[in-house]
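A short worksheet on the structure shown next.
Note that the chains take the letters A, B, C and D in the order they are written out, and that residue 1 is the start of every chain.
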Amino acid sequence: MKVHYYPGCTLKEKAVNLEETTVKAMKILGVDLKEPEGWTCCGAEFPLSEEKISGLAAPARILRQVESEGGDKVTTTCAFCYNVLKRTNYALLNDPLKHKRINAFLKDDIKIDHETKDKSTGFDPYHGDVSVVHLLEFLRDEVGFSKIKAKIKRDLSGLKVAAYYGCRLLRPYSEVLMDKPDDPSIFEEFVESLGAQVVDFPFRQECCGSYISVSEPDVAAEASYRILRSAILGGADIMVLSCPLCYYNLDRRQGLIKDKFLEFSGFPVLYFTQLLAWALGEKISTLGFNDHYFNPRTVLEKVVKSEVAQ
Amino acid sequence: MFEPKIMSFICKWCTYAGADLAGTSRMEYVHNPINVRVMCSSRIDPQHIFYAFKHGADGVFIGGCHPGDCHYVEGNYKTLRRVFLVKKMMRDMGIDPARLRLEWISAAEGSKFVEVMNEFTEQIKNLGPLNFREMASIDEGVSHE
Amino acid sequence: MRVQIKMEDKEKSFIQKVAERSAQNIYACYQCGRCSAGCPFAFEMDILPNQIIRLVQLGQEEEVSGSKAVYLCASCFTCHSRCPKGIDIARIAEAIREITEPKGQDHFGPDDVPLKWAKDLPQQAYVAVFKKFSK
Amino acid sequence: MSGNGPKKKIGVFVCHCGINIAGVVDVEKVAKELSKYDGVDFSVDYVYMCSEPGQKLIEETIKERKLDSVIVAACSPTLHERTFQNVMTRAGLNPYQVEIANIREQDSWVHPDRHEATVKAARIVKSMIEKVRRNQNLEPLAVDITRRALVIGGGISGIQAALDIADHGYEVLLVEKEASIGGHMVQLSETFPTLDCSQCILTPKMVEASRHPKIKILTYHEIESISGFVGNFKVKIKKRPRFVDPDVCTLCGECEKVCPQVVADEFNMGLSFRKAIYMPFPQAIPGTYTLDIESCLGLLPIRCGKCREVCEPNAINYDDQEEIFEEEVGAVVVATGYDLYGLDNLGEFGGEKYEDVINGLEFERILSASGPTGGQVRRPSDGKVPKNIVFVQCCGSRDPENHNPYCSKICCMYTAKHAMLYKHRVPDGNATVFYIDVRTGGKNFDEFFQRTIEEEHVLYVRGKVSKIFKEGDKLIVWGVDTLTGRKVEMEADMVVLAMSMVPSENAEELLKKLKISTDANGFLSEAHPKLRPVESLNAGFFLAGCAHGPKDIPETVAQASAAAAKVGDLFAQEKLYHEPTVVSAEEELCAGCGICVPVCPYGARTLNRERGVVEVNEILCEGCGACAAACPSGAAQQRNQTDEQIFSMVKAILKG
């Protein structure tokens, strides 16, 4: 199976462990990921003002590239990229005027060959034939959770997992449509397909602080802390998520959280692909756990002892 | 001074009652429109409209109940769609679609009836008489007799 | 505290600007407060999300522009997803930032990023925060 | 079609209306001009046509000159059309041979210029002459009535309607799908604002209905279909097998004791259990056990058969079958009631997940002396008395974006009642109500609401709750106090959600099948929102209770009585008469395209596929004429407002 895959900037720099485990896990599952040629940043945030609709050009360009390479689908793991691409698609398909204006931008694109310095022009418009799917959706609908189940190499039945959605996978519901915004289940179904236990975790769709952690670190730390606390109260051993910024706020900022909330002593937070790759048999040393503030290794090894007999 | 002939079809339940209210309130307005009372604006067939144009009307007015207030549930929505269609046909025939006007006027809106009648008549005055070229196109387009 | 409610050109044009940029119907809000009840950052806000809309409805540009609440919005859309009228308050906050930010001044610019975080922050955080809070 | 139409002798009577018309319009001139108009045999003006001498003048002229039709040029037809129709009858003519030319409201009163008003008056009269020339003699349509009513739904509205109709002296069939009548009202604890016990006031009415010689109660029955039209319906009714003969069952309860199957008790909203053979509640009507086959282990003796073994009077019959039978009725009262919007629709409140987040009806059962806790306030999860209870109003109501756009109307009052009853039972407990607006429009309602705050110290917080979740033993409620502008987070032991009222789920399918008009929310539509509030758009159907929209008990009872009175009106008539200005379908012209069929909002037109023509049920036709305008062949013509009439009127007006 071959599918277009848009990693986004962060995965190539700060979230290499997300990128690598995604690629590894998908390889085991027989999926060939193809990056659209010459992709750029998606813009990270969907433009919310009618004054800034030019912000739709960058994501539209990515979608056009996928379309021109013959793809009808692009997968992402980063929740931000997913949100931006999906909403861009929605905005263009539901507003003919915006679609026209953005295509006018795309028409003026100039491509410069880095070696020859030749300029090329005259690119196609984006027709709107690409659908944006998150890797979780792709795993459920294309690969099939049952196929994952069949390929599991480790027995995770003792592991209690808090599946954290955050904002970008669920909202705004009318445009993202991944799952019910206040009663989602796709992430839990994924965790169950790995053989692990799901814990009830009422903060699974609360915001971690997002980019506010840059401008207002203390405010974001409190939001993040409440999420971690809720998972701990729910009895979780670990938390899984899909967003590099959520990961940053919930793991890398645990030092700040500890300073502010004395009862907090740290908690393992993983990308869902790290858990997937591990369940599929990847060695723990290849999962990039050394980059974590709180290394999940001990917890995982303590809870999960046996491997599924082959 | 051009005095346009204006044919007005109005529904019994709302606009006719609105026109009566304008009378009981002694509001003055242009004498040009003459009303034909129908049970519901949805009784008005495109044929009736073109017949009026053919026989010398410079403008045709249709009055019905406000959306949601139709005595017959949804007759006014049917009227709305028909008027839309007729306006398209008028454009094709070379008749200015502004010569046909649809308004929702309730039994309580005597003053609105007056305003609309004055305004519509003024508008038709500005458009001038429905000219011969336009007339000819109706003869070719629709036949009734 | 006392506000004077006037609906003159200045107020009306402010309301209209917010409505146009955000593409939201400001008047649809009936002040149930659900946005504020669910907002994860309301605990830090000087005025609550429902009050922001109320102040816009009243045409109180100064009151809104002096508030830090619009800079605490992380566009998590919790308010939007539960709003009984489907109002997207993140868009309204964005519109207010655009309209009221002093010219040429960043609310939060590259120089404001604390050095200790600078190296570790994911790219998307930089892009997002500058997109929202600087010119 | 622009020909002269039928030869008729027409009389024109121009009224001065004192100076109201004659002050502007030159009435003499109008009368004189019209005397020359084609077909006009006689034309005169007179000071007051509606006066006794004026009417005499018309009557005698008709007789003397043998007129066929008459035009009265006077005030608006809404005022005196009936007066002059009566004159016609007295003069021996058909009342449909008079037309009123409105030269007062739409001419003399609005056009001050004498010349213009006079010219316009003449034109208006001419257009009416063209119409009346082509008017047919019409007789009102008459049809017999079956004086027997069907009431669908055995809640308070159905019971009340049935009792009232029966007291009028007409037979009633009261059909209820559940095992007992009583509906939701019998589940309630105490009613606002008087706090009288709901069962105490309802059960006597239930008994009265069951003993009334004119009422036949069919519980455990469902409506399959209704055909026919007002006054003459045929109803197919399905009897669900209950496997117990109500006439033989002595309510000894032995069957229940031996039944091994335990299921959730619907009457107690699933807060307790019942057996597969059960009585919904002790005062159920009919007083009988019912075997719920869905929950039963199976009727084969080899599977179980214990209940039949112990039944002394031999009331249990395992061979009971589903049956469908037909009844004839003349009118139908639809009283199918409501359900509460499902808790699963509000994931953010966790109603599905947390046992202690319940809806209002569940709390009614908890408060009820006959309920699962005997009226003590205990929470479902562990039976503890909740010391902090939170009520949330508008759950799913007033939310056009995600849920129901309308206000459910009764929740403000029942929440106040809940909070008050809670405080009566747990005096040291704290009750908090989250509200958006408190709407207490009703007799003694606001006084009651104020008492809950002033005397019972229930805390009202203005703001809608956004999220409820569990932390350990406690529920955490995230709300807001918009009055102080503070976000609120509070702990609760139990939360009661005032879920919005929605049309009964079972009724939805039924109404669709019966083609009864409903609004966008699935509630029954009334024929006119102001003037015909208890009649359906479908003639012969009447509305009662919450099937029509959220209502409290007194309003429901009032509406049920009104519906019954309307049924009485219908049945009191010797025959049914109907305006004859209906739209026909001329068979020679009808091509059977069927375009007119969906255009009709009343279902009066049906396409007979075999004959290839449209057939009209004239009794159902209300005469709007929308089908006539839609008919491409001219087969659909409205009586006395044919296309030919409209064309000739237009021509007369434009020719001047």
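In this text, a contact is a pair of C-beta atoms (placed from the backbone, for glycine too) under 8 Å apart; a residue touches a chain by one contact, two chains touch by 3 or more.
Only a predicted model underlies this, so the values are computations on that prediction, with no experimental measurement involved.
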item: Co-neighbours of subunit D and subunit A - touch as defined; value: C
item: Comparison of C-D and B-D by number of C-beta pairs in contact, larger one; value: B-D
item: Farthest chain relative to subunit D (centres taken as mean CA coordinates); value: A
item: CA centroid of subunit C to CA centroid of subunit D, Å; value: 46
item: Centre distance in Å when subunit B and subunit D are each reduced to the mean of their C-alpha atoms; value: 35
item: Separation of subunit B from subunit C, taking each centre as the mean of its C-alpha atoms, in whole Å; value: 49
item: Distance from subunit B to subunit A - Cα centre to Cα centre, in angstrom; value: 60
item: Interface hub residues of subunit D, defined as touching at least two other chains; value: 348, 467
item: Multi-partner residues of subunit B (each touching 2 or more other chains); value: none
item: For subunit C, residues that touch 2 or more chains besides their own; value: 43, 78, 82, 86
item: Chain-chain contacts as defined at top; value: A-C, A-D, B-D, C-D
item: Residue numbers on subunit D that touch subunit C, as the complex places them; value: 348, 394, 398-403, 436, 462-467, 478-482, 485-488
item: Residues of subunit D that touch subunit B when the two form their complex; value: 1-2, 76-78, 102, 104-106, 109-113, 116-117, 119-120, 123-124, 127, 517, 525, 528, 537, 581, 599, 601, 622-626, 628-630, 638, 641, 643, 646-647, 649-651, 653-656
item: Residues of subunit D defined as touching subunit A within the complex; value: 344, 346-348, 350, 352-353, 467, 469-472
item: Subunit B - residues contacting subunit D, complex; value: 5, 7, 17, 19-20, 22-24, 26-29, 31, 34-40, 42-48, 51-52, 55-57, 71-75, 78, 82, 114, 144-145
item: Subunit D-touching residues of subunit A, taken from the complex the two chains share; value: 180-183, 200, 202-203, 230, 233
